[in-house]
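Working notes, beginning with the structure itself.
Chains: A, B, C and D, in written order; residue numbering restarts at 1 for each.
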Amino acid sequence: MIYLDYAATTPVDENVVDVMCQCLGSQELFANTASSHAAGRKAHKAVEAARDRVAGLINAAARELIWTSGATESDNLAIIGAAHFRRLRGKHLVTSVTEHKAVVDSFHLLEKEGFTITWLHPDEFGVISLQDLEAAITDETTLVSIMHVNNETGVIQDIGAIGEICRRRDVLFHVDAAQSFGRLPIDVRRDQIDMLSLSAHKAYGPKGVGVLFLDSERIRRVEPLLHGGGHERGLRPGTLATHQILGMSRALEIAHQNLAQEPQHISVLRDYLWQLVGVIPSIQLNGHPSRRACHILNVSVADVEGESLLYGMRNFALSSGSACISDSAEPSYVLKSLGRSDQLAQGSIRFSLGRYTTRAELDQAADTFIATVTRLRDLSPNQQSVGSG
Amino acid sequence: MYSAAVEQAFDHPVHAGDLSGASGTAGSRALGTEVAFSMQVAAGMISQMTFQAYGCPHTIAACELAVEGLLGKAPETLEKWVPDRVAQLLEVPVEKTGRLFFIQDALRNCWQDWDTNKLDERD
Amino acid sequence: MIYLDYAATTPVDENVVDVMCQCLGSQELFANTASSHAAGRKAHKAVEAARDRVAGLINAAARELIWTSGATESDNLAIIGAAHFRRLRGKHLVTSVTEHKAVVDSFHLLEKEGFTITWLHPDEFGVISLQDLEAAITDETTLVSIMHVNNETGVIQDIGAIGEICRRRDVLFHVDAAQSFGRLPIDVRRDQIDMLSLSAHKAYGPKGVGVLFLDSERIRRVEPLLHGGGHERGLRPGTLATHQILGMSRALEIAHQNLAQEPQHISVLRDYLWQLVGVIPSIQLNGHPSRRACHILNVSVADVEGESLLYGMRNFALSSGSACISDSAEPSYVLKSLGRSDQLAQGSIRFSLGRYTTRAELDQAADTFIATVTRLRDLSPNQQSVGSG
Amino acid sequence: MYSAAVEQAFDHPVHAGDLSGASGTAGSRALGTEVAFSMQVAAGMISQMTFQAYGCPHTIAACELAVEGLLGKAPETLEKWVPDRVAQLLEVPVEKTGRLFFIQDALRNCWQDWDTNKLDERD
């Protein structure tokens, strides 16, 4: 099976596997980092060293990072936690309709609780307008959450400009950077980001571990979602998973080291794939033609049913929307927000490329894709929308 | 998720196509499923039959199996066709069985088309 | 360093390390379990098989288990989630003062939100009275949470009898079984448990993964703490960590297989240790003399300062209270609830034994312990409470 | 957490014990720290000095170092003793430095005890 679903998750880098297996097998590092004995202190030190390294990669300080179970938890803690903590200041929040479910559903909860949310709509290319965003901010606004790179289309938002607006208007700015780490440089100071969510498994690290960055000057506190014990400055209790944390830090370091070459290399491959499949009649690129992260090529083809399209591509690991919602048959809300019809949203394929993708794999994928689209179109009744009877 | 029978019929539908003759359609692209059948009758039996389909793999495979089962039968068989046996053969998941009614509708429409034409011939 | 802190965390069993490293290194199992392609389905199947196996170990059905990031999250989700979901039915809850912080702090949050909590106090042996418990239940009570085995003393509560009372009074019953799995048999049907929390790392599995059991007949739903995506029946979003889940299931299977011998063997060792150190004058056993899980021996010694006692034992990995709170200098609230003075609570050591503990290790620990107590007592001023001046 | 100097002094306190002579105590077990010093003076100098301590390792080590530093000094030195140097030598964490004031108090009490007795002798 050819894997082209790197946006859903990535295989764990071999070096990371080594680090994790060493840590698990070690006589020394298994102790509880909260224990005061020597073994506990050793594990604690390893975790703090990892925190320090990860912080450095985004230009943050170690004390500004909280370990979580993944970007979903980071998003929830940032959004719900900050909104709750600041509820007396104001109950208006701003986000966009193309955010990941973890963000969207956190805001839905807050909406149910009585917060008012402004849901920004992107343009047809998936880009949020800075004017719209600034116009949405009121005196009651406490938080803006906009993702860096969209998980379905790869579209990049101008988080630097948004950070500038939020800082000027004195509103907290949260960024879900799960898809961008290792694909674009991230600098929380330069971009004036107050909170940032990361996940290890989108960057060749293990699943089940993530990070939330909280700017120490701007954020006094967020309301925790979990309670018990004083771990992570009282914001996230539970025994720290040393092997997961060391694995994450190794993965992120490698991804960061590769920033100079890997994204460039992958975007060349992605463009190559687009060149191959772009010849299909009535094929459309979803997302912005150029403001896209290196790893995603999302296309819609007219007059082809999505499930059959995906089934025709079944020897490839691919997604027809966010992996997180591919269980459901609902057409992607992200693609619909770009103005795609139900059919085009459903008849879409997200090719997502990564560290181990080869040109030969893309040749095969393109061949099969073209053949499938052609065959399914040939199989279709010619008439559009014929009623029954 | 998809049975071997679905895979086989999806990958190698031998009765895909369009015939001149009686025809019937049902569904629409907006509904996510659109199917069309056409057939020719000779000596009171369905001598040739084809389908076209826009839909999920189960729908495509079900069309193929429906045609396979109907060839050689009397055209009236179309009116009484129900999707149960095909659903069972293909192991269609319950939540998808609704889609097979489009096939039932299209076959009825096809039968009506044929029936009307036949009556026309008699006149 | 001799490790006698198995109640804080356990080393990962070698078989479990193998399973996890295989899973991490695998070309096949790394996919997102939510993906519909073959790789995703393979990972999904592996996770569901693990769920099935773990469910079997506690006499539950697979659909009744939710994967979490550990017992802390399981406790929070059970308690806060169930209390919130049933808030219209009643706002009275019952628990005990000797619960783990994850439980205690969940109830503290609910108390702040306006729930009324009855905090049961154990007797001097750490046992909750069934009469007290039944008397605490009112028409407004929706939930009782009592742990199976206490993490500081090892005291076992009679969860079967409590389950019977709760079922009869139609109140939900949650059990934190983080310390008991693999040490005592657990049967959620027999004991009429509605919700049960487990953690892998207390039973030779990885840190950062746990389970919450929710009885499918009794619990329609709990309010989720995290939002986004429909994973885990909408109760716990986030990409599932396949390697963690497979590791947990393997660890729990091994622990379950060992139930017939291991606890018996460990309790013999624990009694041996008590025999050795019990000769120290003015030493007291904390907890019930017999109703205690196999792995914990918690003792208090009079006239010895706790921190120096622990420091004298620094070649051993030991805890002087729950590892989770050993950062703080506060005397253990669990021991204080058994009537221990601040000094005795602070001057306590929890020896916790496990799969790899040997008699020779205990000999060394006992020797050092006796020597340390003797030396520190010799060092102390003889007079009690002499004022300054 | 504990410096090598703490470890050394905690493990091998050479001045632990009780002397007949002047003595001073401070703190209590209820407060978590209780220390006692006793000393003998000869030729206007502290000739012998010992401590007893109930307390954390830093406290025990600080007592040991205090005695070490005071031996051979004039007894008046006790009155002016401050914990700063010992805290620095032992790398006592800030949150614990408060405990060292018990040592300061006990040393003052010890000096007063000696001073009172000396005056008694003059009378």
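Basically, a residue touches a chain if its C-beta (ideal position, glycine included) is under 8 Å from a C-beta of that chain, and two chains touch if they have at least 3 such contacts.
Treat the numbers as computed from the prediction; the structure is a model and nothing was measured.
With centres defined as mean CA coordinates, subunit D is found 100 Å away from subunit B.
Taking the mean of the C-alpha atoms as each chain's centre, subunit A and subunit B sit 43 Å apart. Per-chain CA centroids place subunit A at a distance of 61 Å from subunit D. In subunit C, the residues that touch at least two other chains are 36. For subunit B, no residue reaches two or more other chains under the stated contact definition. Taken chain by chain, the contacts run in an open path, each chain touching the next and the two ends left apart.
By the document's touch criterion, interfaces exist between A-B, A-C, C-D. Looking at the complex, you find that subunit C touches subunit A at residues 1, 3, 5, 8-12, 14, 16-17, 20-21, 24-25, 27, 30-32, 34-40, 69-73, 75-76, 80, 100-106, 108-109, 199, 201, 206-209, 225-231, 237-244, 310, 314, 316-319, 323-328. Contact residues of subunit D toward subunit C in the complex are 2, 10, 13, 16, 18, 25-30, 32-36, 52-57, 60, 102, 105-106, 109.
Residues of subunit C touching subunit D in their complex: 303-305, 307-308, 311, 342-343, 346, 376, 378-389.
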